[in-house]
Amino acid sequence: MYQAIIKEIPEQVRPLFNQGKVADYIPALGKVSPMKFAMAAKAVSGEIYYAGEVDEKFSLQSISKAFAMILAIRMLGDDLWQKVGRSLSARAFNSISQIEEYGGRPRNPFTNGGAIAIVDLLLTHDVHYLESLLILVRKLTGNRKIDYDRSVAKSEKEFGHRNAAIAYFLKSYGILKNQVEDVLDAYFVQCSLAMSCNDLSRSLLFLANRGVDPKNETVVLTPQQNRHLNALLMMFGTYDGAGDFVFRIGLPGKSGVGGGIAVIVPGKMVIAVWSPALDEFGTSVAGLKALEIFIEKGDLGIF
Amino acid sequence: MYQAIIKEIPEQVRPLFNQGKVADYIPALGKVSPMKFAMAAKAVSGEIYYAGEVDEKFSLQSISKAFAMILAIRMLGDDLWQKVGRSLSARAFNSISQIEEYGGRPRNPFTNGGAIAIVDLLLTHDVHYLESLLILVRKLTGNRKIDYDRSVAKSEKEFGHRNAAIAYFLKSYGILKNQVEDVLDAYFVQCSLAMSCNDLSRSLLFLANRGVDPKNETVVLTPQQNRHLNALLMMFGTYDGAGDFVFRIGLPGKSGVGGGIAVIVPGKMVIAVWSPALDEFGTSVAGLKALEIFIEKGDLGIF
Amino acid sequence: MYQAIIKEIPEQVRPLFNQGKVADYIPALGKVSPMKFAMAAKAVSGEIYYAGEVDEKFSLQSISKAFAMILAIRMLGDDLWQKVGRSLSARAFNSISQIEEYGGRPRNPFTNGGAIAIVDLLLTHDVHYLESLLILVRKLTGNRKIDYDRSVAKSEKEFGHRNAAIAYFLKSYGILKNQVEDVLDAYFVQCSLAMSCNDLSRSLLFLANRGVDPKNETVVLTPQQNRHLNALLMMFGTYDGAGDFVFRIGLPGKSGVGGGIAVIVPGKMVIAVWSPALDEFGTSVAGLKALEIFIEKGDLGIF
Amino acid sequence: MYQAIIKEIPEQVRPLFNQGKVADYIPALGKVSPMKFAMAAKAVSGEIYYAGEVDEKFSLQSISKAFAMILAIRMLGDDLWQKVGRSLSARAFNSISQIEEYGGRPRNPFTNGGAIAIVDLLLTHDVHYLESLLILVRKLTGNRKIDYDRSVAKSEKEFGHRNAAIAYFLKSYGILKNQVEDVLDAYFVQCSLAMSCNDLSRSLLFLANRGVDPKNETVVLTPQQNRHLNALLMMFGTYDGAGDFVFRIGLPGKSGVGGGIAVIVPGKMVIAVWSPALDEFGTSVAGLKALEIFIEKGDLGIF
């Protein structure tokens, strides 16, 4: 049934491919075609449902923050919350004014400021953070070829003035311990993680299974940690668009400006979708619609 | 099992009774003792678990907005969203600056501005709105004695300058159709709804049952409407405290400055708790802790 | 020489009559023709220079705040500053968010919030405030026919929801001592003061003469009070447009949404101009240009 | 008479030396003693009045922005205003949120963001900007030993994360044409200009003399340019403290976090004062009081 639903979705959302805007603040992202589309739903039971180019890699960008948070929750526990809040953000993911307004403290771990602060914390605890992250992601996907895209990271470094501003701003408040350049470099590399919808839906499956990877019974997070990460994704995963996202989708999810979205259906599956053109909140327009259709038709809501 | 858990909670949270602050912006609320406590969980299956003074009435205040939304969703459908947003609020429930910042449009239906705009819409569609609301609430609770507390409403009218400011502000942007005084009067009366934890957990049970009241099979909301209302409660129900609330509780809920909180456990139950002393977000301190304990021990999380 | 300069100004600024927007938030102001123009410069030495309809009355609106401040400075002295700041305002004169941002304290006496707080203070000290103001203004103009325009005040009361919002908001912070309705009524009546450019330039002449009315040697303000009022006019008299106003004009001034502007040339004269169409800051477009020409050609700058 | 007034001022303001806080965001400034004091008033007529250590150099910091503006006004004319506003700033000089709020456009040339944008414009027009500035300042002071303090500039570069954040932020909006690092380096060097109160009062004397240096009849600025620069100093020279500054002082002035303040008395003199401890707006506490006393007793107000 799910496969029957999903296979019709590309046709249904195609009219939306040109209604958003491909992220173009760095050239490496701007050259991706808005006509790309993929959707993959990996069930806890092992099945996979898919449509479109599900093996084509795309740049995870902010979706990588979800993986960083797995490490942060495991390594830092509650210390994590000393430098980053758990507060709603009513401004864009790259807003700097809300950091000033709250005295230098990023609102939550998924705003750019919060994610940069998390990278700083992780670097402090683990000088090989980027390697550790790659090991984690390869294990979660079961795909040893997953890697950073260094050309995207380089492009971010060259054109990412806004993120540089945020990092220097946090440094001025004493939020960052490491050198700004080092934190930024690691952040840009982290965000350059590239994988396919197949990989992505596979990798986060533990989130739908109380923290345990159903393929190999590995405990990725404890049940409580797993609840926490899902809650964070639900409230902050789509930034100032989260109110509307949860109204329409009703599930925890994470978007990235590469056009990807991952959504967790607790107890059932993880859905990954990719379509590069974005709405005002940096969320894929066609991807969001595709999720809405699939969840509605598949009766996957939790409320 | 749930009863065994719940009966120990009053002792566990008692040390918190004095850590918050009883709302005192109107005298009628300020005179309630911070030592009051009640908790009732009504299951879809019919059982009820409880502790404390579960039959003592308290002022619903903002929890009444959930009932107003039932009528608004049924009467207005998507027209509802013409005057009110579905956007996160990073400011307090009675912030007026965020209304100015967004050109007169309240961020969401549960901020005071949004709730006042909803009352205006309801009054426009139904001159007997307050009677209609009472009929609904009496039916949902199965308690014909549920009523407004006119002395609280009068006190609000006398001292509620902040809400008056919000209403006049919305009027200046053309958001309100009716006379400001009429909208305010209705809003104050709506917020004065008084009921017990027993009543409250009973009345919202349909939200945990896909929109159907399990006692009498009445369809209160369609499944989609029900998902929507739960999503709105989760994202906006506890204002700028929602990020932390959902991190700790992981479920949709609604708080009121009377000290009540209602939480929906989809498929299972509705929990109502009451303890008058509030945290900085206007949420009951001991009530929030009580919910956290009950949900953790009862393994009621959905993620 | 000044007369030669001034008499050519109406022709020079006529093209601007349609470039602004006549205030229309109340019908009583909206019906004034944008083609009206008058300019009068009254010198300390007694001469008067003029052009246009200098005897036609217009609604002072916020220019009335300058007269209120004369009474406030005389009656209250430094107590004045307990409830109102001396801080720049980067938002519009009717912004309410900047009041919230600063904890209920109006930024300065010329924002609407500040002016309403001043009226409240004056009412507390003098129940006959409106009569006292009229006596002052009639004395300063030497025109016993100066009066409030009750139809304008009534229109403000009917449509001035924004000012009502500000007043209720201040009340919620305890800034206002009197009943909101009474303060608003007095504020609306004060703003309805009507006079001609001839009257206006005459009435403020003491400000250009170290506080002494040169016609009759009456001490209106002490030299220090006079410096203070001029400083307040310079920094706050044209709201968030003050930066540009002072760049172009270089002198203290006060604008009103009735289209009037009064400018003080210390030691020399007071210039009043009237043209109803306003810029984004609520300042007369043609009036501002007329002042710029007159001051430039007349070499009236103080810097 | 002025000398009699000024020589008593150090005693009068000494109690304030410990009431402010010496800037300590960079070590090079933090080590200056709060007990330092100097005041020098240079008259257009040639006299000089002084008290304290008037030949001891201090770091100009933001006062250097006044010199940069001389070059900017001369080189760029009205093009200057394409990238920088003439708008009041209600936030601190180093606020970044107000830049975001206004779409990347600095409010005015004296906020840090505005000054950095001006340095970028100057660098674009003149690769030898820093040399040109030094030539100008040496000519205006008549002191060939005036120089940058490279140790201060280096310290700023090492610890000036906030200014780095502002510069990267402006770059992200396309406001800066040059490389961020180059602009920041030049900005830090410019701010490190060091001179004494004697030098400072001498150097800005043209501002009190319609743009002409009275010592040598050199035209530094045209009369109109001179009026403009005085107006900018008055409105923006002391940031969000300008409202109170002008209320108390009534004259154009410029403060720096090195503890210096320069004030222009049109037609008469320029007063420079230095005392390192600062108020919340970054203005010298004792310096401001010293100016207030001198201007009051010397009857130097222009209003």
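Should a chain be cited, it is by its letter among A, B, C and D, assigned in written order, with residues numbered from 1 in that chain.
What we mean here is this: contacts are C-beta pairs under 8 Å (C-beta built on N, C-alpha and C of every residue); 3 or more make two chains touch, one makes a residue touch a chain.
Remember, predicted model here, so these are calculated numbers, not experimental data.
Inter-chain centre distance (subunit A to subunit C, centres taken as mean C-alpha positions): 55 Å.
If you average the CA atoms of subunit C and of subunit D, the two centres end up 32 Å from each other. Chain centres here are Cα means. That of subunit A falls 46 Å from that of subunit D. Residues of subunit C found to touch two or more other chains are 98. Taken as a graph of touching chains, this assembly is arranged as a ring, one closed cycle with exactly two partners per chain. Chains touching one another, given as pairs, are A-B, A-D, B-C, C-D. Those residues of subunit C lying in contact with subunit D across their complex are 85-91, 98, 107-108, 207, 223-224, 226-228, 230-232, 234-236, 240, 242-244, 246-247, 250, 252, 264, 266, 296, 301-303. Note for the complex: subunit A touches subunit D at residues 95-98, 100-101, 161-162, 164-169, 171-172, 180.
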